[in-house]
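Got a structure for you, written out below as structure tokens; questions coming shortly.
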Amino acid sequence: MTAPPIVLATDFGLSDAYVGMMRGVIHSINHAAHVIDLTHGIGPQDVRHGAVVLTDSFRYFPAGSIFVAVVDPGVGTDRAAILLETPDARFVAPDNGLLTLVCRQYEPFFGDTNQSAPAPVPQACRVWRLTNPDYWRHPVSNTFHGRDVFSPVAAHLSLGAPPNVLGDPAPTITTLALPIPRPERNAIQGQVVFADAFGNLVTDITADLLDDIGVAPGDPSTTVTIAGHTIAGLARTFHDPPGSDLPSSSLRALIGSHGRLEIAIVDGNAASTLNAGAGVPVSINGRANNRSP
Amino acid sequence: MTAPPIVLATDFGLSDAYVGMMRGVIHSINHAAHVIDLTHGIGPQDVRHGAVVLTDSFRYFPAGSIFVAVVDPGVGTDRAAILLETPDARFVAPDNGLLTLVCRQYEPFFGDTNQSAPAPVPQACRVWRLTNPDYWRHPVSNTFHGRDVFSPVAAHLSLGAPPNVLGDPAPTITTLALPIPRPERNAIQGQVVFADAFGNLVTDITADLLDDIGVAPGDPSTTVTIAGHTIAGLARTFHDPPGSDLPSSSLRALIGSHGRLEIAIVDGNAASTLNAGAGVPVSINGRANNRSP
Amino acid sequence: MTAPPIVLATDFGLSDAYVGMMRGVIHSINHAAHVIDLTHGIGPQDVRHGAVVLTDSFRYFPAGSIFVAVVDPGVGTDRAAILLETPDARFVAPDNGLLTLVCRQYEPFFGDTNQSAPAPVPQACRVWRLTNPDYWRHPVSNTFHGRDVFSPVAAHLSLGAPPNVLGDPAPTITTLALPIPRPERNAIQGQVVFADAFGNLVTDITADLLDDIGVAPGDPSTTVTIAGHTIAGLARTFHDPPGSDLPSSSLRALIGSHGRLEIAIVDGNAASTLNAGAGVPVSINGRANNRSP
């Protein structure tokens, strides 16, 4: 059990047998494989959602973990299959931008563009194109490379196959257009990336960005605006901060479990109440005098 | 694989990455941890639902299993985090009453009150408050102690950490108000606790309580009343008992897979058909002459 | 970890604790059991759906895997519980036809009838009736043999228990009526078996049957008819084949991840758009001159 775990993250859901087939393929190659499900609830074909979940999650797993990340609207086309090796983990995935935000952890402005395009691989990382069919399952379908390409490659990696046998090194990796919300004075304009199952609206404004404008949880002078509503204060928890005079069932803005600005409703569902989801603008304003000199 | 398994039971659902992050944290601490999912489908913040599922399930797992039970509406407030050790298993959970019915297995009337309150720990059990941050994952969020406190503590327990290093012994544990339905003559008045995915309505009337009023499966003279409907007979299975003249697609009352009185519709959904769910009153009446002298 | 894995396939869903209880029972008997979920999303009591998923999936798992297959509308009645041993895997299941299509892999026309009935076990296989209660969990409920009979039997098998101690050899196994769609000239008339979570409509027309009428992916002269719509061409992928003049968001017919004719809508949901599901007729017509002489 000292072999690295294989961690699955897909948009397949769990109601079909697709994830089960992947597990079967992995265990057929490596009987002792240690397979862990990160999630199968990425929004269908929502590559940006997948990119956020991967970057927010991978450090919770053992170093060296092998992630099989499959959000693959281009399956069956000529988009490449790749292996990304970072100092912390390995990722087997389609080359469609799904790993953009993982790469950003090793190069601060990676993917900070308005257009999807190939970009040089971050210096700390390496990429291989998975071109060697000897490590795939045959016959290879046109619709399910998660089962026929990514899973068998991950299983072989977990058995110690070196990346060089799986394919050729690649100098670039495809980025998704994921512009970093820019602070302007003491404010940041971002947007919702996805709603979780509780209806909490998770945004592209990270805790680090909030630091940049001097906003901290508990600060009652901060305001957050979304879908025509303005929320006073950045809460510490889903509950009123001590001494707060906020009404008990109102909207809350807080740094949530993803380490991101999140909009929630106590005992309620912010996504359905606000009729808001991915792409909806969110702005946060700190006090004018918050910023460090 | 002789270490005790870690069993997860939460209200997080499986569509987000939250449960995956917990798994990652556990395996980061104990690479060889054996993690089993009991369920992640407890009703959101429904502590009573969680209490029933835990007590009905834990004896199906290996002795010594470490349950991580997270239904935690008070996360981020000053509610305590606890470890409950029973003669059969260990439970890491928020101290909010979630373990009330587990405790009742060791002390018959535990939590048989109309008000949530601290109560002395059952004699056969022990409780510790998890106050030692050395065994948590840092930084500790305000929104996700399942990942940052409960999971790492369970992982350390699975590696053999003694309870005393995790925190301080506590003389009390918080109970939920879960009054035991009282037999009156040959009848019991209880209520629905939750509906399962098939729409079966699971109640707080256990098979033991039915014994008390002399009601047994197959008895055609028993009547069950719910939401204005009266069901004749306590069925043995979802199907008509042999010789029954019950119409084939009617309501059924039976002792279900939870060992509780359950209302079901053959090939149908009792919850939606009756528009009934948690809290709806259910009564069962045995024959007047059923009771033992 | 050289013991064969136990693979679970049920219609229980994952929102309740039922699957968790099965896992607990298995691990209580075999602490080191290696349990893999194939799926718990079979349509409730949809034995045909289960039969298709099992036959399409089992070869992706390690040889010798022990499948626990539970779609069991007759639980608590006198339907038998059986063990089917094939040259490739073992299956513990109710004897209700759920294994019909697995058997068909060893005898081409197995279950090719219009009526459910007992049939001789395929020559390459063996069947036992699970009649020995020593290998069950007690008390045995009337509603949940998945937990009380099938799971413990599978756990004992994984520990090496020989089939003969579990019950008696049986000469027959119950088949479901699953007539094989018959090619007529260059056409096949079949039907939808189930819709997956993406709304793709999976049919009973296998890739092998398409071979029989000389239809191959990419052939633009093929037509598929479903629910009043006619689809021109059998696509290779969810995307337009190169050079295609099909509108980009129309219906697609293709061989999907199950190795079956499938109807899909690119970036859409065919099941809801066509208001189609299990039982809806589908026909595919190849060119008149496609057939081999």
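The chains carry the letters A, B and C, assigned in the order they are written, with residues numbered from 1 in each.
Please note the rule applied: a contact is a pair of C-beta atoms (placed from the backbone, for glycine too) under 8 Å apart; a residue touches a chain by one contact, two chains touch by 3 or more.
Only a predicted model underlies this, so the values are computations on that prediction, with no experimental measurement involved.
Matching the C-alpha atoms of subunit B with those of subunit C calls for a turn of 120 degrees, to the nearest 5. Here subunit A and subunit B face each other with different sets of residues for the most part; under half of the interface numbers are shared between them. Between subunit A and subunit B, the centres computed from C-alpha atoms are 33 Å apart. Each of the following residues of subunit C touches two or more other chains: 13-14. The touching residues of subunit B, counted against subunit C in their complex, run 1-2, 5, 7, 9, 13-14, 34, 36-41, 53, 56-57, 60-62, 65, 196-198, 217, 236-239, 254-257, 259, 267.
Note for the complex: subunit A touches subunit C at residues 12-21, 23-25, 27-28, 31-32, 35, 44-45, 73-77, 141-144, 147.
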